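What follows is chain A paired twice: with chain B in the first complex and chain C in the second.
On to the complex of A and B.
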């Protein structure tokens, strides 16, 4: 099992030091990704999904950000201890990333070809002609028509969906072992979303790249992911395989998330059930569990102590006082 | 694009017409009689009147202006009252000096200004950044002529490294342009530094910079390849206008460094009420301004691919 492990993040903490106080954007992130597997990371806005991803790549702007503690083991190497030179060899080569907004993620003054070729020339030590050939091939793979011509175009000559395809071509050009996709379809309209997700899935199957897919769409998770990580207020609260998440979710926050989803099989007039209250202020986190204030299963201990990250069942991790190591529930 | 350029060239006509009218009118309004200045004090009224007649200064304002305009359209900007040379010829003789000085000042200002700006943006809030912000403020507040004189004192008189006056006679002698170029360009340099810093800071916060870093590019490549080109778009717009105003700013510096350019010529002409020369130089400077403005607009389309195709 462990030999298949590609990435393991343990107790990652990333804080931002601002004039308004210390924002604890990631406060104990734990996750694992196996080779060739897709992990969905879900959670509401501000739950620390993107910050966790950026911390893995060590792309947090410093200052004001700082990775305070934790461990990011990738392919046997702790990325948090790696030198900047080592990281430059890993970024774009072993771990690639695509971002939420394809409209602003490409450099407006460089041709898309130049932007794809850069990474190829850097990591695969290719010459310009060779890199250009590879870039055209990548553009064809992501379904851009007339790739030989389009390669010399600038980003503004592409539509949003096409730009995201270019981003994917760029990210996959060096055959990374892990692709981090930070809400890759949020900025796109629904039909294009489906195309992009299908494309990512196809490419994943061809190349065996593992994907960390950040999203807040549980439908996408159900369709594409093998494992799911649920985040809340900077914490990872539940980690399990996708079937268990939908059939026997364990954390009260996950219950809330699933209950707030619209369902096709229930009669139309039933109201969605929201989770009451608001997430806590990340500058001023409660002493106990971050979710305690909104939790219907709260116990006295929940407001005094932080729950620990426990493997309740094989491969099913939860951070909640309702459970003990053996998986017994204590309400 | 071609249509745009042609339209812009036609727009220059009323601008230049207005400027010529203004300078011509203002020269007629300032006190001081050019004929008296030209001939000295102890000259009879008859002589003065005949000279005035000869120069056409006895005609009504509108006649004089229309005559001037008509001649100017034929390339004749009149003769200097003092040197009795054709103004157009005098301009042609002096323009190279001023042009070299403005180029030297621009080159110094852009090279160092952009470099300082980029470095302070990359190290925001560091000691270097604070220092350059302070330096920018100083640079913008120092009077050009004061800086010119201090440079003359330090490098010309105390250390005796560089010449402090003249242009070294015929041809181009670089060492004569270093001190005046630096004095003239210093304020611009500070401005370029500030402009580049803020523009670069904005660019470095863009998503595509994060994309570039995520690709594994080194910090240098990210800053200079992905950041610079974007950050320099506003800077380049400014560079054109700055060059034109440096051409005008040469009046003080050329006078202090006795550089025989059009600025020095203008200074002398004003103090002697040499109207044709003043009008000629002013019109030329105005022309430089509007032409450079046009060139900036055209070059903008080449720097920013989004403008070319939209």
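On to the complex of A and C.
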């Protein structure tokens, strides 16, 4: 519990100014990651998971995007106030990223070696031969056979799973303190998914890198993460340790998520319970709680005011009016 | 950690080891492209070794040999001043090729710089540069070249400048479009996420990926520029006489077209084959560089 804090994001707001209106893609994101810990970020498509991650690295395309307000404290520095030069030093060095689709995240005209060496030469100030040695070593670490030969191959000569390994090698080559993995296994088939997740877990244990794992698979969260953040329509709605999330979830949206999962231990044929309705239009968010229109526990106040981000129990944060008074549910 | 299926899959990919080889592989199966490549290489060799191949000095006047029909001594005949047409065609290749390559390079460099900046940074810079491009391309290509040449006077250096200046707009547009397309790719985002700077991203990640259509257009454009040079020289605005140029040879021969047709036939054939060569090569490259054709190979 008293692990040191690595990243703290407070009330982060990122908007996109488009011709069709202002899209509030992240509207109040709060999270904490401790050193060496894995945080799972879950939520449906469009809930702002990726935008939050990109905002942390300040990789939001501006324009049309803009980080409107908030605070991103990483290792004692506020990244939102840092200069572009400082960020260049941090990206790839202290914070690295893995993307969803390994088929498109590698540059097709450069060999994988060149691409891994790029980060090494950029941040570790290594020469070419030294960087190449390190790149081969990284490829071996992520389990690519015949690394000495494969390093001179182009991305199209690798399969999807192998490419994701290359991406991981690239991301971890500078021993980052934080690895942001944006749905790293979504584009892979299930057996390869398991391998990649195992690999990430092994490497994490070896190097002590903290991971922010963006996913919509609660199974992955249960297996890999120590802490979970649930996002909905640009808001963070619940943040807690993984055990509490599954044993005593607090936010009605989290209840809905868990109820919509298939269960192995239920004997009778039982229908899954989807959450009714659709997430709100991010250009036109409701005045009250974003989840109010789909919530079964809605109170009058839910449609008038935004709930606040409260620590209901130590380490368990929820943003819901059910708990506005000292953790007491009153519905 | 690795699976056998992965290893098997990758083993068969070992054989094709580079992008370049793969493109060459596709190019050489296209007969017309090979014909184009052959013509282009032939032109380059002729231009390089003009002084070895040409039997006569191309500017040597020999009035007693005036207007000789093609014969063994003069394979393509002689012109009104008794100069050997064959030698003049060969030296003309040199002028054509130099103009084609240098003017295209000038266009390319201007176009790449403007197109890359416009496409990458966008916003007002993009609007400003694209309006300048619009203004330039609003002038008819050849008319602008004529105007510039009239203003500067005929010389090889001025042709480079004139044809280079009038040709960059298409490059700028082409490259801007490509850069906008490529900069949205995930791997550019990935490059940014490892802390690469703008310059590095443009030069190392974006431009190489934006280059395929540019290569194609360059091949086609060299043919066009050679044609334009011939046009300018025909009008007396190109290569300064007596230096040989296919265009000026056509102009000198046009008065004799009925009684000494070889004066216009050979320069015409030379221009035709050269432009044909570049066009076939350009078209072949377009097919070879088109990634969609990959699908046919994989089946």
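Quick note on the criterion: the second predicted complex is superposed on the first by the 326 of 331 C-alpha atoms of A that agree within 3 Å, B and C clash if a C-alpha of one lies under 4 Å from a C-alpha of the other, contacts with A are read in each partner's own complex, and residues count from 1 in each chain.
To be clear about the criterion, a residue touches a chain if its C-beta (ideal position, glycine included) is under 8 Å from a C-beta of that chain, and two chains touch if they have at least 3 such contacts.
This one's a predicted model, so the numbers in the text were calculated from it and none came from an experiment.
Student: After the alignment on chain A, I want to confirm one thing: do chain B and chain C clash, or do they fit together?
Tutor: clash
Student: Between chain B (first) and chain C (second), which, if any, makes contact with A:314: first, second, both or neither?
Tutor: neither
Student: Check whether A:76 is in contact with chain B, with chain C, with both or with neither, and answer first, second, both or neither.
Tutor: neither
Student: Give one of first, second, both or neither to describe whether A:96 is in contact with chain B, with chain C, with both, or with none.
Tutor: In the superposition, A:96 contacts both chain B and chain C.
Student: For A:118 in the superposed arrangement: first (chain B), second (chain C), both or neither?
Tutor: Both: A:118 reaches chain B and chain C.
Student: Once the structures are superposed on A, label A:107 by its partner contacts, choosing first (chain B), second (chain C), both or neither.
Tutor: Both partners.
Student: A:262 in the overlay: touching chain B, chain C, both, or neither? Say first, second, both or neither.
Tutor: In the superposition, A:262 touches no partner, neither chain B nor chain C.
Student: In the superposed arrangement, does A:195 touch chain B (first), chain C (second), both or neither?
Tutor: After superposing on A, A:195 lies in contact with chain C but is clear of chain B.
Student: What is the contact status of A:300 with respect to chain B (first) and chain C (second): first, second, both, or neither?
Tutor: After superposition on chain A, A:300 lies in contact with neither partner.
Student: Comparing chain C with chain B, which touches more residues belonging to chain A?
Tutor: Partner with more touched residues of chain A: C.
Student: Which residues of chain A are in contact with chain B in one complex and with chain C in the other?
Tutor: After superposing on chain A, chain A residues 57, 59, 63, 87-93, 96-97, 99, 101, 104-110, 118-119, 122-123, 154, 156-157, 167, 170 contact both chain B and chain C.
Student: In the complex, go through chain B and note every residue touching chain A.
Tutor: Counting only chain B, the residues touching chain A are 125, 206-208, 210-218, 225-226, 229-230, 233, 303-306, 309-310.
Student: For chain A, which residues are in contact with chain B within the complex?
Tutor: Touching chain B from chain A are residues 57, 59, 63, 87-93, 96-97, 99, 101, 104-110, 115, 118-119, 122-123, 154, 156-157, 167, 170.
Student: Tell me, which parts of chain A touch chain C in their complex?
Tutor: By the definition above, chain A touches chain C via 57, 59, 63, 87-93, 96-97, 99, 101, 104-110, 118-119, 122-123, 142-145, 149-150, 152-154, 156-159, 161-162, 167, 170-171, 191-192, 195, 199.
Student: For chain C, which residues are in contact with chain A within the complex?
Tutor: Spelled out, the residues of chain C in touch with chain A are 1-3, 6-7, 9-10, 13-14, 16-19, 123, 185-187, 189-197, 204-205, 208-209.
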